[in-house]
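Here the chain labels run A, B, C, D, E and F in written order, and each chain numbers its own residues starting at 1.
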């Protein structure tokens, strides 16, 4: 597991800073979407761009195979704006009043996902899609709900999941099995 | 649906403010836990306490029947500290590295749930439990993951849920049915 | 004197963090109130709970013998909400317009003391009382007015105190003598 | 009592804004120090300068007769820097460790009083003095400790004061009498 | 002149909010660059997207004809990240130590321009270019240096410009003439 | 070039802190204005006053010979209030709508320059002038527009300047020559 520090980045000496500290080329090419979700996320935050330290902004690139989904997740420390670079996406977020705000957005269109709310991006089309997200944090963090609930280590206690979803333990096990990496 | 305004509260004229604007008695008595989750949450935020406007703090009370669970949820705008008033709770939060930090806490003990991360409280004991939560926001918001994903209106598209959980639509329907209010 | 750093706490390496960094049991038991004020304050801030680092929240426990007083003080960096765990307290704060907002609060009731204003808690009853305070700072700080003015080292110049209170030096000395530890 | 709103100032329409909204001449002349404290404070905050709205800064002017004192007080929402315009001042602040940091500062010198801590300015010299204070808040607020404790309306309960200062009620009454306006 | 309010946007009633409040299609198509600078800026901030109110983020689109320049400017309230959608740009910012950090960035690459510093984007190539900027403010503001200095109304006093640039008034006039709209 | 760190200052151990950490005498005397601009700026920020670390405020002194100008500049991280200590100044700032707000201010008067906007101070009188500026940042930074654009190292590309000012390269060279230190 990599070593994540929310507020622990030290400033470089200014004599060692140059233009490469403010530059990143890693969002230029699509990442492979040959995985079970059919999607890939490439971060461009303070870990990749040292010049972002103390500044409240970062980006990431998202690639989607046809049918690929960036499953429901929260960014604990940021609001997101998503800009579609290619293709078309069905996106949405849930409010604390349990209401879904959803829209199909196409190339060049943008959508806002307010701070700390569950949201998703889904490529419902037949061709690949790509999008750029911007965040108001140098390290927004990402927590996918299904993985956090059903794949954590150690595991979330089964009776908590059973009670939360009001389902039998056997069904909890079935969901876990479906999400398991080798599935 | 009630009208929620994150930043839209107007200051009273100072001549109209008195001590009752800084006081709340609504956390003194347990709320009924006779519901499917066996739990109740009573907020004490800027909606109940006008004097909290522009101040970054609020509270809530949580009551738990034996076996009651405050299911995995996030507060989009706040960190939480939980203080156990009565009984014993199994609590935990998930990190963005998908790691569970969990602990059993008893009367008088406290636990911290960092900003925007999924967490839960579970009364694994045989007697009722109660706890007081404090938040660093005048209106922290609460989003329960299972309800947001499976009970939203309009519904989260079934193919998004099926893809996110890598399960058949039929299983999605089964989970929704289990969570439905009249179940 | 202990070494207090408002903003100087370093983040642990994430591999060294575990659930105990988010937990504190030190508020569970009452502290001794066998002192001249008849009160005790037990902090639960970033010094006791490393996981609070960079998060804007903390707690403390306050125990009161009958007649015990948490004398007028300010928290320089935080608003406070007080939740009564046991007994009854007379509490109040002073506004910058020199107005007192005061109330008697009982078990389970809460009261808000806005950021940086003088306030007090007084156990006017005949049995012990206890309360939990929450703050919107990882290290709120506490400055009791009487002790700061009359017991500081080095001492606040006597003519400053005499002028501020418009009283004779002899009366200043009398107040200091009354507050002296061996009194 | 004037109507104070911490966060309740409305932005003017931009077409109505002109240079006078960013200007204030009220600090140019000394205010009268013919009062019991021998001092005067002239604010220059968002109430006098509408253009400060949403900006985190303000000023004030302080005039001192010989022997005049700006008695121990806190600014609940700001740090202060004081610049001496004329004369010499004995200034100081108290830390939360009950330590006094004090210094005599002369014309052109500056001293910092950290956020929310009790501090004072005293003209110990034989000629008038004047100083300009800057604050990191559009409305820092001021709370003088002696006045807040002994002159509030309604009054701070006498047993609270007696307990806080560990003195007889009769002495509390004596202090109140000394501070009374007609004294 | 349009009515700009930095912090004066009122929250809609939540019952009136729908998905269109979080969506914007105005960045999808290139804007005309048939102007003297050969460039166009299309904002996507709280004025276009009501759902951004109270959230610290926004975007804008920048189109460049060959040779087009987004001339040196500052965003008074935000850091910027620029993502190249098409073509290639020569970009740079100046530090407070008067040092230029500059780089040629191509499609898919990003560059950071820290808060409040002069920076520029220049299409040095032979084909059109386009880029998306993200800001950590709901309304970052833009101030182009040449236009602010030489085209303001009322005009910056000529002796100020002459002294600042250490040049004759006649040269100041020549620069103004060159920048005039009908030139 | 000195080593500037926006957020990189370490807190001293509290046992090593004394009153000199909150004091600065360097603004008491005028600095020499025998230079091409006829002006001098003396900072009093966290680099000179260690006690300002983590506090959002600082000051600076500005001296002006007759005709001296503090040329158009921005503070990337702060709003400024200017207090005239001696003499008279013509001051102004430019809005993002390209409007000049300007005023002549005399001894004891103040003017506000909102965060991140170009502004200037000009001594249009026949005697020396002096002023004290306060900022809502421990390290506001200063970027003079003419120097940044025409004297940076490495130089801003000539075609960028030519395009921004819509002037011939030869004129760009002429401006650079005028600003060169040995001119």
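Heads up, the rule we're going with is that a contact is a pair of C-beta atoms (placed from the backbone, for glycine too) under 8 Å apart; a residue touches a chain by one contact, two chains touch by 3 or more.
As the structure is a prediction and not an experimental result, all values here were calculated from the model.
K.L.:
Have a look at A-E, A-B or B-C and name the one that copies the E-F interface, over half of its contact pairs being the same.
P.N.:
A-B
K.L.:
Rotating chain A so that its CA atoms sit on those of chain D: what angle is that, to a multiple of 5 degrees?
P.N.:
My answer is 180 degrees for the C-alpha fit.
K.L.:
Taking CA centroids for every chain, report which one is farthest away from chain B.
P.N.:
So the farthest one, by centre of C-alpha atoms, is F.
K.L.:
Chain E-chain F contact: same residues or different, taking over half shared as same?
P.N.:
same
K.L.:
Taking the mean of the CA coordinates per chain, how far is chain A from chain C in Å?
P.N.:
Here the centre of chain C sits 42 Å away from the centre of chain A.
K.L.:
Between chain D and chain F, tell me the centre distance in angstrom, where each centre is the average of that chain's C-alpha atoms.
P.N.:
About 29 Å separates the centre of chain D from that of chain F.
K.L.:
Return the residues of chain C touching two or more other chains; collapse runs of consecutive numbers into ranges.
P.N.:
1-2, 4, 14, 92, 97, 102, 114-115
K.L.:
Which of the residues in chain C end up touching chain B in this complex?
P.N.:
Spelled out, the residues of chain C in touch with chain B are 14, 18-20, 22-25, 27-29, 44, 49, 51-52, 55-59, 78-81, 83, 85, 92-93, 97, 101-103, 105-115, 132, 134-136.
K.L.:
Taking the complex as given, what residues does chain E use to touch chain F?
P.N.:
1-2, 4, 36-38, 67-69, 71-72, 74-77, 90, 92, 94-100, 102, 114-118, 120, 122, 124, 141-157, 159-160, 163-167, 171, 174-175, 178-179, 183
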